[in-house]
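Take a look at the structures listed below.
Consider the two complexes below, in which chain A is the common component and chain B and chain C are the respective partners.
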Partner chain A sequence: MARATKEGERWKPPRGRHKLPPEVVSRSQRERLLEATMRVVAEKGYGATTVTDLTRKAGISRTTFYELFEDKEACFLAAYDNAVDGLVRQINVAYEAEERWPDRARAGLATLLAALAADPELARLALVDVAAAGPAAQRRFRAAVQRLTPFFDEGRDFAPGGRGVPANASRMAAGAVVGLISDELVEGRADELPSLLSDLLFATLVPYLGPDAAAREVGEVTR
Partner chain B sequence: MPPTASQNGAKSKAHKDDLDGLIEKEQLPSGREDLVEPLVAHSQRERILNAMAEACAKKGFGATTIADICEVAGVSRATFYELFRDKEDCLQASMELSLADAMGRIVEVYSPDKPWATMVRDATATFLDLLASRPDFARMALIEAPAAGGRSVEMYASGKRVLQALLDRGRSDPIEEQGIPSSAGRGALAAAESLIVGQILAGNTERLPELLPDIVYIVTIPYLGQDEALRQSREAEKSLHRNG
Partner chain C sequence: MMNVPGSSASLESGPMAPTETRRQPILAAMIRVVGAKGYKETSVADVIAEVPTSRTTFYKHFDDKHDCFLAAYEMLVEEVFGEVVAQCDGEAPWMSRMTDGLSTIVDRFALDPALARTAVVEVAAAGADARQLHWNAIARFTEYLDAGRELTPGKELPENISLMSAGAVSGLIFDELLAGRADKLPERLPDLLFAMLVPYVGPQVAAAEMRRVAASAH
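Our next item is the complex of A and B:
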């Protein structure tokens, strides 16, 4: 779509009668709605958010909303997954750009921290307040943490003693990373997230490498 | 975690005997309402706290209404408001009891004479057993409370700080501690918690005790090194088979 848009401005289909295929219009509306949903819920909290808040922010009609989603929860879950998709994609690009596993891990973690620090409100919703949105959302959050485990599992092949490490190590290491980040967010220190890198790298490496080697790797990064 | 459970050894035994005595005297002569009333209130309070945990497990704390709680507890709205200010107050009361119970049990197995790793293993096993025996409370304390806001969040955080202090004692007798970040204990605890919460959300709360070897591994490795952590994990595995 070769249409010039101003920096930071999302392209919208032209108003009124136009010849765009309906599925294109609908996809763009859906994306707008998903982004608006994360924004509104981050600001107001899930419980206080209404469908009207969402349609207003997204600039879509109520009819369109209900064509896309059954209710607020379905919309929030889709919005949440969409946001997680974006994060995991960014992490993956940074991770794949490096060779050695500890370097890959460092690059992935740095990208995650930068992305979260850039949008503290969204970060808090994604990692902390999501639990207030009910059991289905809690399971989505857990699934999101689970999506990070392949990045950790590679430690098993990299580490000399990696084969003997419990199978759940990757889930636990991912949990440690997310937990340490959440602690910062709860304390309102989102802007300091990037300084967490060495702690997170240690938490990532230690189940596979042990404390000595993990500390050495961390030391080399910070030096 | 369960509000019904005992705090610790001898004292609670005596307390329990008191209670049994009172219950035996159930056919109290009329005119003794002063004795009956607190007892009824106590059991209603307990029923409400149980009901809240049950309702939250289904709908989440946010969506749970006082009507839901009253329905499960089989009490009137008026009774609820006699005992609690609001839903948050009820969650807070439940957290208070749950925390007191969890801490009481951990204190029972805690002994400065035990080797640190043994103490960590025993405390973890106790904690997992407790969570497994009260799934709804486990869910409430570890999943709903941290997101509920207010005092409940503080209580959740203070419970974690106590466990972390226990864990950080590993730093006084570590094999190596060079370059270990001060957040290592917090990270290890978050790692364990994440595994536990995952099991709870997957509906496997009753199988939490099986996580003992993995959790022992993750919480000891920053302090003891990989070989010793693996050894401790295998010990934990054996203790599971001995007890299960």
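Our next item is the complex of A and C:
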């Protein structure tokens, strides 16, 4: 998940006459706006957030805002997808660095938990409060969960009887993982998220390996 | 059940009766309207038009839309879980009781898509109190699920596998409802069963139960 820096620290295109091509200026404005949007909505809630809040935080004009997005919702959906992209990219790097599927899963989950714990406000928005931003946002949230399923699907090839496991077991396992994390966030325990690792690893492995082997893999990690 | 002479008559004519009889239809209307329009888009005006009743009557019973929604949600949970708990409580083996409990929920949701949407999807948009009620409802089901631990005595299963199990199931149900496919939920029962059982019994046994239920449905 993208981390916002304090206002003023961020690079902005120089004001006045400069030689930057317009598409570079516009890309930087767009990125700034997307990060500002996640930040403001996380603080104020989606309903209370206005376009003015967003333009003020991003340091762009209203005209620029409406050149980039049709309305608040379109902007929020793009910001949400952008944050999810960042998160999935981080998970992927950690996942690919390991060999065996259970180790890959553990590395990916640890990265996910660390990223969410580092920014509880954004974590809550991404997983819990997104539901309050309307049906389109809810569909984006489910799509985000869906994007995690390839990490789980590899269990079908790894496990001895994996081929007999229903195809959408990955969707269920991803749901279980996200559910456990959301529960922790709802309770306001974002800082304790990393301690969920062994439970989440169990939830990931169990549809493919069964409870015995899953518990063994988890035990090797915690010892 | 004990039969107290004259009890029902005195209830109907007692001072509580008019209040209760006017309150219940408002709660039912709230569930229907929220299921159809979404929580955010629902107004008190929509609800009283659905009953129909007056604004005065509405505000005699509830502080506002949110207050009414919470009461409606509690009623919904009691109604659905009354049926589910009856399945979960029986003498049959654990696996078949859980299967019956889950299939009761799925059938109920398929029969009443608006209720299902309110119960699973819209509740998330209705604030922290409402989400808490949703979690409490799931926790009631997970208590029964956790009896499945006895099938693997001596195993060190994680403490909250019941939450994993319920999380996987409700995620799948959420997806179907969001896509407007409440009527297709019974077809997903085998998948849902696999997700629910696998943390306790492993993929082979869960897949066998899944096939058994799929076969008996055809």
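Points to keep in mind about this one:
One rule holds in what follows: the second predicted complex is superposed on the first by the 214 of 223 C-alpha atoms of A that agree within 3 Å, B and C clash if a C-alpha of one lies under 4 Å from a C-alpha of the other, contacts with A are read in each partner's own complex, and residues count from 1 in each chain.
By definition in this document, contacts are C-beta pairs under 8 Å (C-beta built on N, C-alpha and C of every residue); 3 or more make two chains touch, one makes a residue touch a chain.
What you see is a predicted model; the values in this text were computed from it and never measured.
Partners chain B and chain C clash in the overlay (superposition on chain A). In the superposition on chain A, A:G179 makes contact with both chain B and chain C. After overlaying the two complexes on the shared chain, residue contacts for A:G86 are found with neither chain B nor chain C. When the two complexes are overlaid on their common chain A, residue A:P150 makes contact with neither chain B nor chain C.
Chain A residues 47, 128, 131-132, 134-135, 138-139, 142, 145, 161, 164-166, 168-169, 171-176, 178-180, 183, 186, 198-199, 202-203, 206-207, 209-212, 215, 218-219 lie at the interface with chain B in one structure and with chain C in the other.
Taken in their complex, chain A has these residues touching chain C: 47, 128, 131-132, 134-135, 138-139, 142, 145, 159, 161-162, 164-166, 168-169, 171-180, 183, 186, 198-199, 202-203, 206-212, 215, 218-219. For chain C in complex with chain A, the residues that touch the partner chain are 38, 40, 121, 124-125, 127-128, 131-132, 135, 152, 155-161, 163-172, 174-175, 178, 190-191, 194-195, 198-204, 206-207, 210.
Chain A contributes residues 46-47, 128-135, 137-139, 142, 145-146, 161, 164-166, 168-169, 171-176, 178-180, 182-183, 186, 198-199, 202-203, 206-207, 209-212, 215-216, 218-219 to its touches with chain B in the complex. Those residues of chain B that touch chain A in the complex are listed here as 57-63, 143-144, 146-149, 153, 157, 176-181, 183-184, 186-195, 197-198, 201-202, 211, 213-215, 217-218, 221-223, 225-227, 229-230, 233.
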